[in-house]
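Down below are the structures I want you to see.
Note that subunit A is present in both complexes that follow, paired respectively with subunit B and with subunit C.
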Partner chain A sequence: MSEIANNEIMNETAVEEQLPADAFEFAEFDEKESEHIAAPRYSYWGSVWKTFIRNKFTVGLAIFIIILVAFAIIQPMFSGYDPMIAPYINDSSHKFQSPSLKYLFGTDNVGNSVFDAVFAGARNSIIISFVCTAINMLIGIPVGALWGFSKKLDKYMIEIYNVISNVPFLLLAMILSYVLGSGYLPLIFTMTCTDWIYVAYFIRTQVMIIRDREYNLASKCLGTPTWTMITKNILPYLISVIMTYVSREIPALISYEVFLSYMGLGLSAKYASLGKLISQYTSFMTGYPHLFWIPVGILACISISLYVVGQRLADAADPRTHM
Partner chain B sequence: MSNDREVILSVKHVDVSFDNGGKKRFRAVKDATFDIYRGETFALVGESGSGKTTLGRAILRINELSNGEIDFKGKRISGKISKEEDTNVIRSIQMIFQDPAASLNERATIEYCVSEGLYNFHLYKDEADRIAKVDKALEDVGLLPEHKSRYPHEFSGGQRQRVGIARAMIMEPEFIVADEPISALDVSIRAQVLNLMNKLKEEKGLTYLFIAHDLSVVRFIADRIAVIHLGRIVEIADSEELFAHPLHPYTVSLLSAVPMPDPQIEKNRKLVVYDNSKRDLSGPKPVLQEITPGHFVFANDREMAEYREKLKKMDEEKKNLTNQ
Partner chain C sequence: MKKGYIWKRLLRSFLSVFIIMIIVFIMLYSLVPRDNIFFEDATYKKLGGKPDDKREYVMRTWEKLGYLDYETLNDFCAAKYEQGSAEMEAAMENGSKEYYEFIDTFEKKGYTVEYLQLSKKPYAFKDVPLVQRLAKWVSHLLVIDTPWSVQDPNNPDLKRYIKLGTTPTGGLALIGSGTTHKYLIYTDTRFPFLHQNIITLNLGTSYPKFEGMQVLDVIFQSQGTEVKREVTFETGVTQESAINFGSLTYKPTLDRLDQAKFVDHYANYTTNKEQSSMIGTSFIMGIFALILAYGIGLPAGLAMAKNKDGIVDKIGMFYIIFIIAVPSLAYIYLFRYLGTRLFNLPSAFPIKGAGDVRSWILPIISLSLPSISSLMLWTRRYVVDQTNSDYVKFAKAKGLNQKEIFWNHIFKNAIIPIVHGIPSSLAGTITGAIITEAIYSVGGMGKMLPDSIKQYNNTMVVALTFMFATISVLSVLMGDIVLTWVDPRISLSEKEGRS
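So, the complex of A and B:
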């Protein structure tokens, strides 16, 4: 070790002896230079993307879910599946066929293609859950942000929350389905009319955690109005937790829709839905179990991959993972 | 201190208390009274939890007063004031925060952090004017215009604190509350920030309320010092006067805790521990009263007599030293 060090020193002296004095010049001291940041520019969304694509499994899952959702949206347009139409209902040879090239998932008790039925159902379930999530978030986030900020509003909102959260959801869903009937809009209303307050409550708690941090006091000293504080100081910090919430909310709402349709409180007979298919096929569980397991499997694929991708996206949105 | 100087901020019998739900109220600041003159650096010194930050925040109207009032340039700024006044006060009184890591919005660029105040009151003619103002503010604190598009976490502690200073300066304030602006900084860059604050003070004619617990720093930067203990201001005096003639036992104890860079002196330094319970607190209730011009001490009549005695002794000792 010391030998190497000695050699190095000797080499250095040897080099120095060889160098002429005029090869050196005085470097000027530049104060500005010491302030310069050499690191490449940081971009938040760029870093989110980089962190997200680092995990190949998640990227694969994301591609899978995009294809699945796109297929579920597009395929029913071409298949023309309608749960009210059963052209082969009197043709018993056409019922309960096993999976084949013509009918990838076989046929059901009325002779319709299970493949078409499942994707027509998935389409409605996905659309409803996406729309409901969007509505819940659009109402819940602003209300929750104001709720967390204003102590005056908190006094009233917390009472409203206590009342609403103590009403059993199933009871509410039953009453609403009797009053409003069944259909797309009534179902969306049922799934959003109280659900936004849970989003708002969640956001309120998060806002309260970071509300009194020093940088918010600093903004207050600069006279920043509350709404600007929310959009510039608070919500950017919450992107990651909001994404986590969304990634739980979408699968949860798909399950809700399935549950309500299964209970007969969801969509009316003219709409296909995963929940209705599952409830319809449950009776053939012993004889033709694939009829039950195929829609359940598709439901699981959609929910789980949406959840996992959403969680990873939420992780990537957290700047602590960008280092 | 001569009386012909203009009082910029006047704190009158201010109480700040926090109630924790029940009847128990915690008085963080008790009956604070002092004036700050235009152009000076007024330091507020005390240990942790003595209420110095609370008092600073009360001046910025983050903490509400439970008693007393605060006047800025002769106008009351505490309690409810008109919107116009409010805007004025926000622009005139700014704050420099203790922790540069916590006081900048991590999700916003430096450009936004510095222009925030400009946006709020639309203090610029057009975009170009705003950019020019931000560039100027950054340059004033020794940062580069290219830093505008960076995020706070890319900066060192000293640079971040300077961004915080630029953010306050861009509002063109007259009065700045600096809440331990260098406590969270590395020792090697403290001087840099202090010198910057002094430079800006001279250039822009600022007045500082400098909150600190480090007496050696305070001696360097402050013109006058107020010592606060358990929410109570116990002594106010000119900086040199306070270091030469500390009267209140708490001040004496605080000064005895300053480490000396000279090993000979350091070896003989005696630490005076202040213990309220061991003091003779008999007699009428103490109040803050002037003992020599500009030197106030929290005492009752009996203690005042003692302090006068002490002052006389100090003067004699000094005379003896110079005579030798």
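So, the complex of A and C:
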């Protein structure tokens, strides 16, 4: 500390000494007040938010993704794009046009605007992957947490996992498409009916790793009920891991939909989807590369923004970064 | 860990494999509409104008696929009379004695009797109950070869013995006679050098693709063109042949060529071909991709976590995001384009063939790309999480140096969940990679299951599911055991451990 600062402190003490004794008053003794420990007010979600908005780049991406999703939901309402209708199918000059002002992304093999097709597809793909992720997480996390925590349950759940994860998925998807048809809800059902078990299995392993840690043993000795232990001791530890999983899950589900469309088990012909566009345009990759790379690029934009935002949220969700 | 726990869990694992098989049987034989089989069947389409032949074809195919038992008047009469005789002709007439006998017999047995549209000939069929089909499948699963396996009425003098001897290529062998296989145990120069034919898995015959072949032969047999070399047979004949002596099995009727080469009835054989089998190809590709993935992904993830928010972290993040965001179809094409343009590597597997190392490079790299990215991602996540934990701060406060903290504390804890996945990834290599193998036209396992499902090759689907399920169930168990090795705090069994 510098000399000047030392002098200032000296001066302050000097001022205090000059105060007369009658300037002070005795305070009432308040037992409650004396027990109170002064600390800055801490709200978990508030801190998460504060940490999250600290990085301007991610905030920008978050705004970008909101605009993109809003655009994907609103644009198809005005464009009136329908994959079943191809008004220019007999006009060969209208097919395979390069991007221009009239058709921002050019036209495809039946003369439809790729711009309209991509956003109509993006809307369905986004809705499907969001809903599927939500369902998978809502079922997978509680089941996985209980499963990892209880050794008794583990005995049965591990066999259920073995059974569900080993029945050939394609066969199941095929049967479901016979039984339920191919639409929005059937696809969501197909993509979630077995997928939650993988989330649960992932959570189970994570829970198992911290279940036997010392602080949990101590907590158990003190008589904490199981559910409280899971929600208060274990799950908060896993928030960052879960967020990482979620931010991977959404792009993965879109890819999954691409794969299902590739196998002919995706949405029926009257719905557009990014997956269908990509698998449909793959054959034009060498001749008309823009047809293939534009849907891939849009998909990449959505996935990347979601992923980066998700990772940032994962970091922000960790209370140790709040200091 | 207690041995008892592992045994019990092993037992339960096999129970779940059994349940998987029940579910697959129900799905294949009850839930998939039977008529779908004929969607892409050329023969079926050709028979469009002939309702009788069509019905006959449909029933025969269903019987072959194991849906039902099918009986015709022709079969019924042929069992009684000689084919083409006058009695046979008479019996085949509508309204004959046998005609009513046929209807009567099978209606009593619980069959449904129907009549062909034009000729009005009766035929009977009965659905094979699921339980019976499953029981049959299970009871035929393991085949043990004994000297009494072959029962050939045309060859009553067949000797029945097992003795020690050598194969024509000079390997030591246990030779059987009366057994299905000639060489029960033999050694040769192919991996794994010691082979046995005593206990074999019988998973059924493939249909409609690879018709008549054993499922396991389809998967395990070498592919491509035959590799011929000078071979001296037991009769002393020397000729160019690709014969694999170990595969010799009993052949009831020998032709002249067989008699020139073989001294006994063991004349059925498979040939050696230049490429490895489907399962072998996928396995080799998968193992190298796995080594590459752990060799690059793990150190890269560690480096990223060490330089969190640094330049290495940013580059790594860019790669991870790229792989996650772009569908595999797109980046495999991209890497293939780069590989062929910049390094002049073959763009498809068959161009240079399996013998050339260069044809393996691009498929293996393509296969390892997603694994590298997910390993990097998770290693980074776990290490970063550990770095922030209190015991690390404590270790730092106590004055341990960075290296000590990183390797003895952070690394040891972060690696636990990574190790858990290794057995599963190993098992995953044999199932093959659907998209990578399709793009590079590699003859591997990836296409087998989807193709079989699409072609309604029921035996193949059942067999593959059984194989994959067994391996994956065991690898899940293995993963848990490995988990307790790397972290002794974790206990799996209920009674053991501290909690």
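Brief remarks on what is shown
Please note the rule applied: the second predicted complex is superposed on the first by the 240 of 323 C-alpha atoms of A that agree within 3 Å, B and C clash if a C-alpha of one lies under 4 Å from a C-alpha of the other, contacts with A are read in each partner's own complex, and residues count from 1 in each chain.
Simple rule for what comes next: contacts are C-beta pairs under 8 Å (C-beta built on N, C-alpha and C of every residue); 3 or more make two chains touch, one makes a residue touch a chain.
Given the structure is predicted, the values throughout are model-derived calculations rather than measurements.
Using the contact criterion defined above for the overlaid structures, shared-chain residue A:K151 touches subunit C, although it does not reach subunit B.
With both structures placed on the common chain, the touch criterion links A:R41 to subunit B but leaves subunit C unconnected. Shared-chain residue A:R213: touches subunit B and subunit C both. With both structures placed on the common chain, the touch criterion links A:K56 to neither subunit B nor subunit C.
In the superposition on chain A, A:L172 contacts subunit C only, with no contact to subunit B. When the two complexes are overlaid, the chain among subunit B and subunit C that reaches more residues of subunit A is C.
In the superposition on chain A, the residues of subunit A touched by subunit B in one structure and by subunit C in the other are 213, 217, 220. Within the complex, the subunit C residues that touch subunit A are 9, 12-13, 15-17, 19-20, 23-24, 27-28, 31-33, 321-322, 324-330, 333, 374, 377-378, 381, 385, 388-389, 416-417, 420, 435, 449-450, 453, 461, 464-465, 468-469, 472-473, 476, 483, 487, 489-494, 497-499.
By the touch criterion stated above, subunit A contacts subunit C in their complex at residues 151-152, 154-155, 158-159, 161-163, 165-168, 170-172, 174-175, 178-179, 205-206, 208-209, 211-213, 216-217, 220, 240-241, 244, 248, 251-252, 254-255, 258-259, 262-263, 278-279, 282, 285, 292-293, 296, 299-301, 303-304, 307-308, 318, 320-321.
Subunit B meets subunit A in the complex at residues 57, 60, 62, 86-87, 90-91, 94-95, 97-99, 102-108, 112, 116-117, 119-121, 142-144, 146-147, 149-151, 153-155, 159, 164, 167, 171. On the subunit A side of its complex with subunit B, the touching residues are 31-32, 35-37, 39, 41-42, 44, 213-215, 217-225, 228, 232-233, 236-237, 319.
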